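There are two complexes below, and they share chain A, which is joined by chain B in the first and by chain C in the second.
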Partner chain A sequence: MTVRTSRRERRRQARLEEQEQSIPVELYGLRRGTVPLLTALAFLFATFTLIPIAWILINSTKTQANIFETFGFWFARPFDFFHTFSLLFQNVDGYGTYIQWFGNTALYAVIGGVGATALSAFAGYGLARFRFRGSRVAFYVIIAGLLVPITALTIPLYLTYAKAHLINSIWGMVLPSMVSPIGVYLMRTYAEISVPRDLIDAARIDGGGELRIFFRVALPLMVPGVVTVLLISVVAVWNNYFLPLLIFNINTKYPLTVGLGLWSGRAVNSGDADLYPMLVMGGLVTIIPLIALFLVLQRYWRGGMLLGSIAN
Partner chain B sequence: MSAIGLENLSKVYASGVTAVSGLSLDVDEGEFVALVGPSGCGKTTALRMVAGLETITSGTVRLSGRIVNDVSPRVRDIGMVFQNYALYPHLTVAENIGFALANKGVPRKERNRRVREAAATLGLQDLLGRKPRQLSGGQRQRVAMGRAIVREPAVFLMDEPLSNLDAKLRVQMRAEILRVHQAIGSATLYVTHDQVEAMTMGDRIAVLSGGRLQQYGRPRDLYARPANLFVARFIGSPEMNLYQATLDDSGDLVLGSQRLALGGRPTPLEGRPAPLEGRAGRPVIVGVRPEDLLLGPGETTSSSGSGSASASDSDSASDSLGAGTLTADVRVVEPLGSEVHAIFSIDAPAAVDPDLTASAEETDDLLPGLAYNGVARLDPRTAVRPGERVTFRVDPARLHFFDPTTGLAIGWPGDRAPDQAGARADSA
Partner chain C sequence: MADTLTRAARSHPAARGRLGASWVQRRDRRGVWFVVPFLLGFLLFMLVPLGYAVYTSLYTYRIIGGTSFTGAANYTQTLQSGEFWSGVIRVIIFAAIQIPVMLAIAFFFATVFDLGVAKFGTTFRTIFFIPFAVPAVVAAVMWSFLLEPQFGPFTRLAGALGFSGTNFFSPSLLLPIIIVIVIWEWTGYNMMILYTALKSVPRDVVEAAILDDTPLWKIIVRIKLPMVRSAIVMLIFLNTIGALQLFTEPQILASFYQGAVSLNYTPSVYIFNTAIAGDQTNLAAAMAVILALVIVAISAVSLVFRLRRGEIR
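And now, the complex of A and B:
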């Protein structure tokens, strides 16, 4: 009981603090009417973004006939949610099982996402806090990597993979996912802001080796940045369609994107009875882990990491 | 064998900026040396070269006799306190202090004992479980010290450790640092821009300007015998009054329209053989400390005129005041309780400080009638008021002379260059 009270009390405190810190809009040179207008625009945008999620949630409860014949934004009988959900565990017409694709996706996303985050953190910290021959050029090359569209790389990538025997290999999916130019860029910027040079110098004077300094001093301060990169990387792998399409031709290795694409094509071509509800349900289940991940990681985005460390 | 030995140490940045140039000095075992100078004089760069955090362009750094130019900071056996403390924000006070010991692989039990010991030395026992953000500025400062002393390093480096504290706390921490220094006995190199800190704390002081050593010696020697104009201005507060003057044929000093008799002796200064010999008819810069200007008894007269009235309108009057006196118009009086600073104007051209942008004339434009070119430190019971004309008695033996072209002090044996004078000025 006391815990709940104190938590409520804390929330109230936070709200009060926020109110105290908020500055009248006039001081920013805005007119009073501007704020409601902008709020309305933001609300519209939020609605626009959330509408597909609402649609998918509602239609996951419907039968195939109802999906097409009833109003898209309201429920209809019969309530077919659990039946459709159970179908996700079945192999449909030998095209593959949703749950297997889900497992594949999770595997690729965890290894690729965590790998990309680790490499980005190492590289970003290195580029931010060490000056070495070619460090600048290396960084610019990485930035340039951001600008190259993946489609431009299709043929060279496929030929390289074929030579390296990475076709139908999990490593063909995971290794490229670990290279994240945007991750390196973000981590470099974040490390520059959040890890003061003096702190590293102090750790060196204290006799710390570079690896120990990274893990014991720098990394804890980079956590909000690391979490951001982790989320971006995991989502990137989770949603990646092009790469797995290129390298996998066995449906047991497919991730969700390619698997659902296969079902989708099948549904359009054959008019198969239960494929549309399964596609809707599949889409819903696909986004749930990402929302969960976001909610779990949210608490790591906090400011004031350096409070008390460096006097100005 | 000295604990720290710098030999001809130089640092030139890739941009071509020279931060430190030919710096040579020794710090003996257990000695506390203050490295002082204005901001940008290269003192922090020099300290960082000793720590190994900055590459050395040329010269050598020796720690306990061993050349360490290419030795990593982590094995130099130094403790360092940073200007901004640089505490590990996510670690507790105990973990901050014990970090170095953990790096060395000291067993936990031993580590805890030594952390508690260091904490006790600094009065941090009750704060060991706290994070830096839960500490006050003074406590953070102490944690930074604790982190440095816990390893009992051979050499202790401090980079303006008190500059982030308020004035009162700074005075307290000054004493605290000296106490800790005496307790651990490590050779200490202490960087500061505050000459008061340097004077009160240093066994010896090295004055740096423009990356060059100006003088190195005991505080009282630097104060009593500054090697050049820079040191004369930098050490002492209020700073030394400096005027352009000429030595006339009779051996008197002529400052503007005033004449200061040196008692007919060309060698008025104790221990200085013939300082002004052969300089008759040539310009010199003469310096006098604010406390060496003594108010002549009953010599104050009310100045009838405005600020424009100065000694210049009474050449004969100033002559008649006799040997060793100067006439001045008091502009501002600053009572400090223990003493009074009388800010005055005197009809003598001040020796212009090349580092100051505003010249005397500009000051006059800004504050007409308030231009001043000197300060006297007087007894607090002195009844001196702004607008008064006063006469100061000056003991010629307490005057300082400098060559206007080189800026070097005149009168010390050999008239050595400041860099050379620095090395062993204290032995004089």
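And now, the complex of A and C:
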């Protein structure tokens, strides 16, 4: 089939393709200086984008006093990075340990994200490639689910949990994260495009069970869509603040967002512990895995799918 | 694997014909089981809570007398409450400024990168997209530090530029800085979507325009813009829905600089404070239902728009 190519080779090819697609700049008949001007504007916005990131990188090395007293965009002595980093593993103010929140977030994001992706892939495939009684209704129900705002759902979930004794239960966080109408919608669209009906029929003639056909034939073809949904779901759980803020009231269950939110409130008042450097370091350690994940999985992103994904 | 199966299918045309439609139908019914797990979750974690919230909103708890059925009382109280409406008006002002500014920036850079008229387009695109990976809580914390009223680098910069005593957390500047934060968070994402939409504009249309000596700005406004209009309309809807739910940024700014953000700053903040701090869960449920209905109405309009254009089949 295809010849295995090195990553560098593939990148080079992608670049060549892109060059072929885009029209050479000279043809636009631009005034001289237009390209430098536009590049400068892009540079300005890139600076705006990177300012907070640069600030958090630089200030993760500073002591509390230096964060406030020294110039924000340059380093200052003493170099406190490793000391502050080690504090993330301790319960400094008695209100919780960062590393535990990190573990909680990772746990919620992995279970919630994988669960949401699995349920979405199953349902999306089922809706795209089967016609059964009620399949049309099921599809419209899911579309209606797209309309329900997350914030509006959070208070109802909280009220229900209070009644059902699910406050402080990790299932209260993880299970609703698995219900992703947008994920189902995206997977259905993707299955429609990428899994040919004939192929499924052929597999049936070969005598595979439906589940086996799904895992062996359909799922491999749906991988780019699966990655997109996984990414969207993991990010959604990782970023979720409102739901965990409501449903957890013991700090050993907090995810990162709620823990950092708590620190940002306590840092102002706490006389005993230097919470500001920990808040900065905590923020830095929170964003690094996600930025890394994005850069690694970038080529899987399907722009058209992005459009659907902002419904949340 | 795929090849073998296709070949198998081709070699059994008779088999396909003989088994016929009834065989396919029977198999198809099994599709239900693919959808059932999701629908179960959907029932338990969307429909049941929403139903329970509506039920709760019809009752009122009083210290004397306990919980009693009060019908629409919580709804009338919410709709007559100036505190609720001031939050609603604030998020509308927020949306009216933030969304056009953000989409203008996003569209501008999307076209620039699509046309390839700036250098290092790929690098800039990646950089612009980075904030999408930053949780809103962390974004709000970083900007809170940068804008901190006494020591924040931007406060000092404002002082150096002659605006000494600038307090970004003061009532008049609070909404503008939240707008800046949200623009920072979402512009790259919106740009990526528009960039992808622009990529689907046929190349020969643009080439023909170039041959006609059409100036660049005309190509952008007359050709590119109309072709991504549906994407832009969708983004307006989706960003509006997001804006109406604004919660994390004001909530974090409130904890960072106490007293700056009122308890009813946005509808979501108000609902949160009513439920938790105020302990009036019945009233909060009514507010949540009202907010949900408003957003569902807006989303439904956008859905009809999408169905009409055939984007959802």
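General remarks:
In the analysis below, the second predicted complex is superposed on the first by the 238 of 312 C-alpha atoms of A that agree within 3 Å, B and C clash if a C-alpha of one lies under 4 Å from a C-alpha of the other, contacts with A are read in each partner's own complex, and residues count from 1 in each chain.
We adopt the following convention: a residue touches a chain if its C-beta (ideal position, glycine included) is under 8 Å from a C-beta of that chain, and two chains touch if they have at least 3 such contacts.
Just so it is clear, the structure is predicted and the values come from calculations on it, not from any experiment.
With both structures placed on the common chain, the touch criterion links A:I287 to chain C but leaves chain B unconnected.
With both structures placed on the common chain, the touch criterion links A:G103 to neither chain B nor chain C. In the superposed pair of complexes, A:F130 makes contact with chain C only, with no contact to chain B.
By the touch criterion defined above, A:L175 reaches chain C but does not reach chain B. Residue contacts after overlaying the shared chain place A:R212 against chain B, while chain C stays out of touching range. Residue contacts after overlaying the shared chain place A:P78 against neither chain B nor chain C.
Comparing chain C and chain B on the residues of chain A they touch gives the larger count to C. Shared contact residues of chain A, touching chain B in one structure and chain C in the other: 198-199, 201-206, 216-217, 220-221, 304, 306-307, 310-311. Contact residues of chain A toward chain B in the complex are 196, 198-199, 201-209, 212, 216-217, 220-221, 304-312. Contact residues of chain A toward chain C in the complex are 21-23, 25, 27-30, 34-35, 38-39, 41-43, 45-46, 48-53, 55-56, 59, 67-69, 71-73, 119-120, 122-123, 125-127, 129-135, 138, 141-143, 145-160, 162-163, 175-176, 178-179, 181, 184-185, 198-199, 201-206, 210, 214, 216-217, 220-221, 235, 238-239, 241-242, 245-246, 256-257, 260-262, 264-265, 267-268, 279-280, 283, 286-287, 290-291, 293-295, 298, 301, 303-304, 306-307, 310-311. Of all residues in chain B, only 51-53, 72-76, 78-80, 82-90, 99-100, 103-104, 131-135, 137, 140, 147, 151, 164 touch chain A in the complex they form. Residue ranges of chain C in contact with chain A, taken from their complex: 1-2, 5-6, 8-9, 12, 15-16, 19, 24, 27-35, 37-39, 41-42, 44-46, 48-50, 52-53, 56, 105, 109, 112-121, 124, 126-139, 141-146, 148, 150-153, 156, 184, 187-189, 192-193, 195-197, 199, 203, 206-207, 210, 213, 215-216, 219, 231, 234-235, 238-239, 241-242, 244-245, 247-248, 251-252, 255-258, 268, 271-272, 275-276, 281, 284-285, 287-289, 291-292, 295-296, 299-300, 303, 312.
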